[in-house]
């Protein structure tokens, strides 16, 4: 209890907690879950965009998309490393992802159906992710905070690329405009869901906020996202698929419809449009790759042994 | 065949090799055996697509009909592609992918090294840029082939199977024809027979360390770099790669 | 929505179902587990493509913009397709293919039987022709599902896995929307809720004989028949199916 | 020896040999090899055309191609049945195909690269096949002869369909004409190879001809094929890729270049462009299908047992 108070005092003072510092079990567990889920999201997040790499319309777009997906794998790597400092290995985390014990962001259970979805994912999904992540640069756990700083830099670049794709489509042919609108129609509500249900319904939030693992409420961030995104949609000449969307002068923000939370909970339960495919793909990659991981480890062991023998 | 025609053909060979191999490698995105490989494969694909932009861009310039690199990549049918058969072979398991990469990288590295001395500055400067990237590709694929060849029994067996499967596509890399001859005469391309001997020396060293044995017999498939007869795989690859451009002609992306 | 608009949409649903399922089944050509299956699958695909010609042909007529069945099949993008998600699911192993077929055939048979009584003669006459073929499809797929469900331990396990995998796509078959309502009001389409109960009766009988158990829980995917959100599989299918028409616009074949 | 003479006398008299009749071992073996190879050719022959079913340009063309490939599987079935009357099972024959002990027609080791290849295969490959098969309708072994009669009827239909595809292409756009010419360039010599090397080089021919298992020499049939096909190519406005092709008034036929027989022997040895793919595809189909065949057999056995118990 004294330790706990001292710990909280450090956090309140804005100090960073480092891996070798004492920390409450709850803090450690919550962080492992949160960083792990974030890492898994980067990994699974490769799939919906990877789905269009082989169909990218130009060499330039193909290169940009490849670079982006590569960045996501890199983010996964940073985050697994941050999680490892808390005493859990990447393989353990991976297995929890693969057997469903750990989750990833539910947005990646939505399919990418046209090239415009590459725009919408960058603009809306990365946009929402950044909204979540920017405050986390100031999170209390040092390695997590440092990972988020690196990640945020790249993500905002990705978001601009996404918006650029949307712009090209919106200024393009009729078919392209239709494609862009269709992508917005499909990704709008799932993006709003990315901030999670209203905090009124969330149990863990208060503790996480006290620990500075969570920096803002879900509703705050969602409002901020809507307020930022609606003018961008207008600039593109696209229509946000929400008949109730109106500017509220008084609160200085938009009023908007809540997403269908029953859909959100179905997706969490595994009933999203692509949950099965995503987990199948990751399980297949892992299982098919077992011989490669084992082969490379066996070779490394042989080399170490030979080196030792030579010494 | 004029030198210009030969140069156009030759640049298509260079650009189609990197385009098709880059495409194949990019198919791995999100499905690699380990995260570091996801990153490395994406990186390799990215380099190859970048080189494609340069080679096909120059090809369009040399042709002089106003075709861009994208036009050449997205709007030709199978018979107009000039890549070697090796690079259009399907990914298979990771072993087949990395072995294909190694067989190509070793050739690619020597070829580009030769091309840095090309009498045509445009060619030389693209080669100089590309060879830096390919040095890294070759290091990496050699190392991985060695690691997996000399790893577990299973990894060894798979790598040997991949080598047996892909070896008949090596010969085409060095089969010189009139295009190659014209390019050599023009002081642009290196001598393929010299490349071949350096290739086989390197190959022997790496395969020995990997405890892999190249199959006997010199049979070699052909038809890719001349475009006479590609494999059935290329057409399927194009349906994916070109669909969007074909479906929405003239749109800007 | 006018009745004509609804009819157009409805005909697309009918024709896209047979088109996409026919395409999937045709992917088996030359790769089936036994020669008799190669023949039977090709035959099923052939029937479905024939039905597609009739449904999409009529759809084009109803639309009145001069689009042919081929135009509708080859020149629409993903969002304009109206097939249920079930039929665009990948083949998987043979068990998944035959189970998908059975889940669809049982629906298709009842639906077509209902459509033979349509107030629109054109619809009724196509349905009358198609239902004969589909009677055979249903017999065959039911029998095969029973044979493999109640076969070896392995075949049972695979069939159960296929059922678990595909069951969430059954609900969409019976999810009525305004198009279905308009068609029912116009005396064209049968009542989907009646179809659903006859379907589940048949299903129970066959699954029981096959020693298979339908998963608990009524969750159902949606988005195919309305076109709102297909799966990622459909776009890949289209790259193959449409490539030639997209690559050579206006050519006659 | 008496038996042998009587057997030869029956053949010379134009009688059909039936499965239960006595026959020399050599006759039986040669027939098994020949009918088996022919059956395997139908099966493997599904693959190059199956390769374009999912890419057929119109629904009509897709249906025609499906029907054709279905016919080929049907031909395979007739022929395996004919072979089974000689005391070898379909499964035994299949295994010999899969492990390389038995061959199939080398033409199917060439790839189909464009839609025009569907035309060229029908026109040239089926055309050459018919040239080989029509005389075999009069072969001495009854079941084989009857199978050939059914098959020939369908094959000539296929050939017409192939020619019709070529016609459409040849009368089509520039790109289509180019595609058609390219297909002819690639399939001309492989089609000539379908008749086998010159009879001068063939050991088995004399005995097979005496037994009426082989009805004409390879060179005769090849000449007939060239004489029939060249005017068809001219009618299409396509150029046969043989600079030496000239009408020889004296022999009343064309002089033409021999195909590259070293290529032919490489293909036979397994080094054709697609040998590996073809055998891989058939092996995969067989291996992946094992559980299906076993499952269906197990179910049939259960049903038989239940029926017996009920009686």
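Note that the chains take the letters A, B, C and D in the order they are written out, and that residue 1 is the start of every chain.
One rule holds for everything that comes next: a residue touches a chain if its C-beta (ideal position, glycine included) is under 8 Å from a C-beta of that chain, and two chains touch if they have at least 3 such contacts.
Just so you know, these numbers come straight off a predicted model, no measurement behind them.
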Request  = Identify the chains in contact with chain C as well as chain D, in label order.
outcome  = B
Task = Can you check how far apart chain A and chain D are, centre to centre, with Cα atoms defining each centre and the answer in Å?
result = 56
Note = For the pair chain A and chain B, the C-alpha centroid-to-centroid distance in angstrom is 35
Message = Where in chain A do residues touch at least two different other chains?
response = 55, 175
Task = Spell out, as numbers or ranges, the residues of chain C touching 2 or more other chains.
result = 77, 239-240, 243
Ask   = Which of line, ring, star, complete or other matches the graph of chains that touch?
value = other
Inquiry  = Can you give me every chain pair that touches, using the contact definition above?
reply    = A-B, A-C, B-C, B-D, C-D
Note = chain B partner, complex, touching residues on chain C are 77, 236, 238-240, 242-243, 246-247, 249
Request  = Show which residues of chain C lie in contact with chain A when the two form their complex.
outcome  = 77-79, 165, 168, 219, 221, 223, 228-232, 234-235, 239
Message = Quick check: in the complex, which residue numbers of chain D touch chain B?
response = 48, 51, 55, 110-114, 175, 178-179, 182, 185-186, 266, 271, 273-274, 276-277
Inquiry  = Going by the contact rule set out above, which residues of chain D touch chain C in the complex?
reply    = 43, 46-47, 50, 53-63, 66-67, 69-70, 73-74, 76-77, 80, 90, 115, 165, 168-169, 172-173, 175-176, 281, 284-286, 288-300, 302
Ask   = chain D touches which residues of chain C in the complex?
value = 19, 23, 26-27, 29-39, 42-43, 45-46, 49-50, 52-53, 56, 69-70, 73-74, 93-95, 144, 146-148, 150-152, 154-156, 158, 240-241, 243-245, 248, 250-253
